[in-house]
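Same chain, two partners: chain A is paired with chain B first, then with chain C.
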Partner chain A sequence: MFNYLLRRIYLLSITAFILTLLAFTIEHWTVHTQIDDNTFSHYFSYLNSIIKGDFGVSIIDNQPIFNTGLVAFSSTLELCFFAFIIAIIIGMPLGIFAGLDRNNGVDYTIMTIALIGLALPVFWVAIIFTILPHALGITLPIDGNISPIYEIPVVTGLLLIDSLLVTERYQLDAFLNHLTHLILPSTVLALFLTSEIIRLTRHAITMVMKSNYIKAAHTKGLTRWQIVYRHVLKNALPPIIHQIRLQLSTIISFAMAIEIVFSYQGAGMWLFASIHQGDYLVLSAALLIISGFILISSIIIDFILVLISPSKRKSLYADQ
Partner chain B sequence: MRFLPLYISLLLLTACYQTESTLTDSLIYCADKSPTSLNPQISHDIASLDATTHQLYNRLVKIELISKRFVADIATHWVINEDKTRYTFFLRKDINFHHTDYFTPSRPLNADDVIFSFKRMLSKKHPFHFVNGEADNYRYNHPFSSLVQDIIKIDDHTITFLLNKPDATLLANLAAHYGVIHSQEYALQLLKTGHPEKIDYFPIGTGPYQFKQKNKQIIRYQAHKFPWQAPVTINNLIFDITPNSTKRYAKLLSGECDIITNPASSQIKQISKNKSVLLSSQPTGNISLLSFNTKSSPFDKKEVRHALSEAINLDTILDAVFFETAVATNNLLPKHSWAYNPRTKKTTFSPQQSMTKLKVINFDFNKNIRIIAPIKNSIFNPNFYKTAELIQSNWADIGIKSEIILLRESELHNTLLTGDYDIYLTGSSPYIKDPDNLFRPLLSCNANSFEGNSSQWCDETMQNLLDATLLETNFIQRVKNYYQLQEMIQAQRIYLPIAHLLRFDVFNKNISGLLVDPLTGIDFQAVRKVLPINKVKAH
Partner chain C sequence: MLINNEFNEQKIQSPLRYIWLIFKSKNIAVVAMWAIITLLMVTLFTPYIMPYSPTLQHPDMLLLPPYWAEGANPAHLLGTDDLGRDTLSRLLKGIQLTLAGALSITLVISMLGLLIGATAALTQGVKASIMHHLLDALLTIPTILTALILIVLFGMSYENSLLAISLSLLPQFIRGIYISIENELNKQHIIALRLDGARNLRLLRFGIFPNILEPLVTLLTRIFTMAILEITTLGFLGFGANANEIELGALISKSLELVYLSPYLVLFPGVAIFLIIIVFNVFAEGVRHAIIEGEE
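Showing the complex of A and B:
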């Protein structure tokens, strides 16, 4: 296990090194002003400062970029988290239905809907969703993370938690207001994710259903639902998690595009506003924060996979 | 499948969702632009005026919106001497400045504060004159420096304005947005701490609301803690900067904004049909116009200017460019101005007559007329290029060639100063209600083309009339003079007025008492917010 971790951390450090080179190039070409320095020593001083968490100060509001970036990115993560929950709640059962009764009417209907969900451009769906609530007579907020009426001090950076810390002043109003602001953007993001999860679940279920141990379970006289609960779901889960891990960067990019439509103050909006106002230093910081998160989270997911799936343990020794 | 109810319950959260419109002590105003500063002495754009003049500050006198008369604000009353060169103002004694986290005043407003505020604009020796680099701005130093000789403190609550010569526009200037009063005590504190620039960004005034916090998207105000006027019913006033006009309207409908400004011109018709919101429109005095460069041949001939004007179909421009955000006009002054001359002749669209006239005066039909316009649309015109295209097409119908040149601000500045253009699509935005404020920049020999005189016009008779009217203290004579001036402008066709622009604000039906002064900005002092009718029963 220790060996496995070492291997992963080794891989992480190489990727991180390449990323710092990329971030440095952006910083060096866009905002660098120390003309006397040579590039090499400038890179080391840059590396030194980012290790200390010093990404510089924004030219727009004089705030440290790293702090603003982390708060913005945690808002994006909240959005992704909610979208994930919605997508799993809807996508998993639908995928199971489609996978169990492959190539029949239910499967075709579910897969057609999933395909439409995948084919629709995410920003277009987002724009439609800003109009939809009013057209349906529902009152739902379409702009921002929370109403400006509520003044929420940044404590953890996660608005869901921070809004709960001000219950003395606003009771649960601020928290509920934030939740309602999350509904539309996370539903749009979930639309894409749900389609993806339906496809993955269906495929995984089909593969597992073909296995010999499922046939054996059948012959043992287990009912269909007993087989699904006891054997199919547990074995179908690892490939789904593995595939979702690969989709992580796509999900974050989609979330960032959606944020711009809904003016949701996350990493996408932060980047968009900063580039719009010429604060290019933010680019390299955002690159490091976002890709750093994807790297670390993919290692954590790998680790979880190893824990839940014995077959994956072979990769501990890089056999596969 | 068992999780489906969870998701449905998430959607049911909408039932718990209290829209902002149900919180009656908070008001969200969705503006289109962020103010450039929080001091209307140095920022003259409408976004800055909306965010400051009526909210944060008071002036010595103000203009009552309905009667259009000067009424007391900080001054209780004023007296004018016989030769109209000394205006003495008597100040109220109970006016408190804002108490904020960054400043606690030790005394109420007195004459020192008034003198401090005006001397900042008047005197180059004033420690704040050059702070935040607006000293070169025409509106910063011009209105008072040419008008006021000195301001004298008689006692703590009496001050006298000494004028260079009798001038009827002093009161209008004092009631203008830049006539606001700051705290001298706060300014001295800032000087001591070495941050005088904060005076324009962390403001202290006497207005009904005090500044709380500002970031890129939000400006927060709270009610003045020790108000000298009737206390406001809105405790939290929030400016939410939403640049996209469609989104502003969508936010109004979703209850995220209580009031929005400047809806898209193409949406006005649809908004006026929506029964859940109210649309307020105000004539602004801003005019969109076309100027002929009278220094360049053949536009130096008034016959050419008249004939070319008659070939332009202004109705089409109004329909296609302005939709319903402007009203047709044939006069530079808006109809609501006291000096508006209703007898001025209307320019009629008659291309055939125009062509005949041009042939009679031997107009060179091979000449390529250069129409210049700003590349960036502004409050004067929602689409300069489309306007230019329509004019180009009208002229092409009678065989006149023209080309459209769109210029960036710096290029435009140079072109205007060198005079290398034929036609210029522009506008004029007066900042006080006095007609002199509109006519002088457009017609005075002393004004350059960048200050407003883009027709490069200079005529001795008109200049004398302008100057005489400014000094004239007999109101009837002033009106007569301006009538005469408008007839002269019409006869010479120096400018072709295209449209007078309207200002639009849209608000929810539970809002009342909103006042909008197109010159000094929006006023939330008397605004009241009640629960929406559909929510009253629920509470």
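Showing the complex of A and C:
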């Protein structure tokens, strides 16, 4: 276990090194802050400053880029989190049904829904969703994170927690307001995620149903649902989690596109606005923040995978 | 000669012909194939099909609805936009740019990716190790971020957005190819081929490629779908196309402020993107099933 962890952290450090090189190249290419004759010493001073968390100051509002980026990215994470919960609640059962009865009516219906969910371009669905409250006559906010009447100080960066911290001033109003702002964007993201989870679950379930221990369970005389509960679900879970880990970056890139339509103040909107105003320092900071998050979370997911499925512990290179 | 070939002639079909036979029996997939052929024809002959030039303005016919709605003009089948430009022509031009871009991205990625992936899978040591770590790092960056960074570095244009998207999707494809070749390498027929003294090229041509067709088709569809989605997303964000190069995403973003006046202008390009992706996915699913059945 300890060896596995050590090996994983070693791989992480190499990847992180390559990422800092990429970020440095971008920074060097676009902005070139220091007029230094030596590229090596420039790289080391860059490395030194990003370890201290100093990515420079934005030319738009003179705020430190790192803080702005972290706050923006945590809003993106909130969006992803809600979409994820919706997707798991809807997608998992549908995927299980499709995987258990392969090649019949239910399977075809569910897979058609999944295909439609994948084929709809997210930003277009987001535009349709912005018209939806108007068309259906519901009152739902379609832009921003939170109504501007609430003044919420940044404490943790996660607006969900920050809005709970100001309860003595606004009661729960700020929190609920933020939640209603999250409904539409997270539904759009969940549309894509649900179809992805349906596909992954169906694939994993069919793989498990083919194996010999399921046949053995059948001969033991277990009923269909007993088999599903005892054997199938447990064994189907690790490959699904593994695939979702590989999809993390795709999910975040879709979330960023959705944010721009809803003008939700997340990482996508931050990048979009900064690039349009010519603040290219943001690029390398965003690269390091987002891929740093994905790296760390993939390590954590690997660790959880190893905990729940012992057969993974032997794998030397963690991706195989 | 003991075996008499003259009377009970048994024709053994080539695998490709066999797959085609199975594919023909699947109705939906064949329909999708004809739809793809139609789309390709539209892409190739857009200038001859378009009723008007996509930039020609008709000042007396602004914001016309499509022909089935009230107050339409049959001269403009799908209506016009706020400057009186024909929606159908703009849509066809958009389909041309988007589809041609996505197809060329898929082509470039498949060639480069097969080359790099096969090299990485068949070599050991320093070269493979550097490849792995570089891929690991590149795979953690969201594709849209990579595309944005590259566009900022290269400058904004339609061609540069295609270049940026192909570079951002390349790592995914290489990783997929690498994994499927690696799975194939441990099988017995590869070892037998190696014992016969086959070099790497021969191993790839006769041992590996015929057996990774199915994952290859899945990967290519995935890359094509992502390419369409990213071209349109970048166009929508205003990083891809300039005023003359209206691909479907840019078309949506340009008619965004008209969404309450004439929702058709936003609706049609989205439906076009949706149909392109659906058609290609259904076709690929048919091919995949045919390959799996053919192997069995």
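Keep this in mind: the second predicted complex is superposed on the first by the 312 of 320 C-alpha atoms of A that agree within 3 Å, B and C clash if a C-alpha of one lies under 4 Å from a C-alpha of the other, contacts with A are read in each partner's own complex, and residues count from 1 in each chain.
Following the convention adopted for this analysis, a residue touches a chain if its C-beta (ideal position, glycine included) is under 8 Å from a C-beta of that chain, and two chains touch if they have at least 3 such contacts.
All of these numbers come straight from a predicted model, not from anything done at the bench.
Visitor: Who does A:Leu222 touch here: chain B (first), chain C (second), both, or neither?
Guide: neither
Visitor: Looking at the overlay, does A:Ile142 come into contact with chain B only (first), chain C only (second), both, or neither?
Guide: first
Visitor: For A:Ile89, decide between first (touching chain B), second (touching chain C), both and neither.
Guide: In the superposed model, A:Ile89 contacts chain B only, not chain C.
Visitor: Using the touch criterion from the header, give the chain among chain B and chain C with more contacted residues in chain A.
Guide: C
Visitor: A:Leu158 in the overlay: touching chain B, chain C, both, or neither? Say first, second, both or neither.
Guide: Neither chain B nor chain C is touched by A:Leu158.
Visitor: With the two structures laid over each other on chain A, which partner does A:Thr180 touch: chain B (first), chain C (second), both, or neither?
Guide: The first partner, chain B, only.
Visitor: With the two complexes superposed on chain A, say which partner A:Ile131 touches: chain B (first), chain C (second), both, or neither.
Guide: both
Visitor: Where does A:Ile301 make contact in the superposed view: on chain B (first), on chain C (second), on both, or on neither?
Guide: Once the two structures are laid over each other on A, A:Ile301 reaches no partner at all.
Visitor: Thinking of the overlay built on chain A, is A:Ala119 touched by chain B (first), by chain C (second), by both, or by neither?
Guide: The answer is second: A:Ala119 touches chain C but not chain B.
Visitor: Which chain A residues come up in both lists, the one for chain B and the one for chain C?
Guide: 131, 134
Visitor: Quick one: in the complex, what on chain A touches chain C?
Guide: Chain A reaches chain C through residues 11, 14-15, 18-19, 22, 26, 29-30, 115-116, 118-125, 127-128, 131, 134, 246, 249-250, 252-254, 256-257, 260, 268, 271-272, 275, 280, 283, 286-287, 290-291, 294-295, 298, 317, 319-320.
Visitor: Would you tell me which residues of chain A are touching chain B in their complex?
Guide: 60-61, 86, 88-90, 93, 130-131, 133-134, 138-144, 147-149, 151, 173, 176-177, 179-180, 183, 263, 273
Visitor: Would you pull the chain C residues touching chain A in the complex into a rising list?
Guide: Spelled out, the residues of chain C in touch with chain A are 132-134, 136-137, 139-145, 148-149, 152-153, 179, 182, 225-226, 228-229, 232-233, 236-237, 249, 252, 256, 259-260, 263, 266, 269-270, 273-274, 277-278, 281-282.
Visitor: Which residues of chain B touch chain A once you look at their complex with the stated criterion?
Guide: Counting only chain B, the residues touching chain A are 1, 3-4, 6-7, 10-11, 13-14, 16-20, 23, 26, 28, 213, 215-216, 218, 220, 236, 238, 240, 242, 247, 250-251, 253-256.
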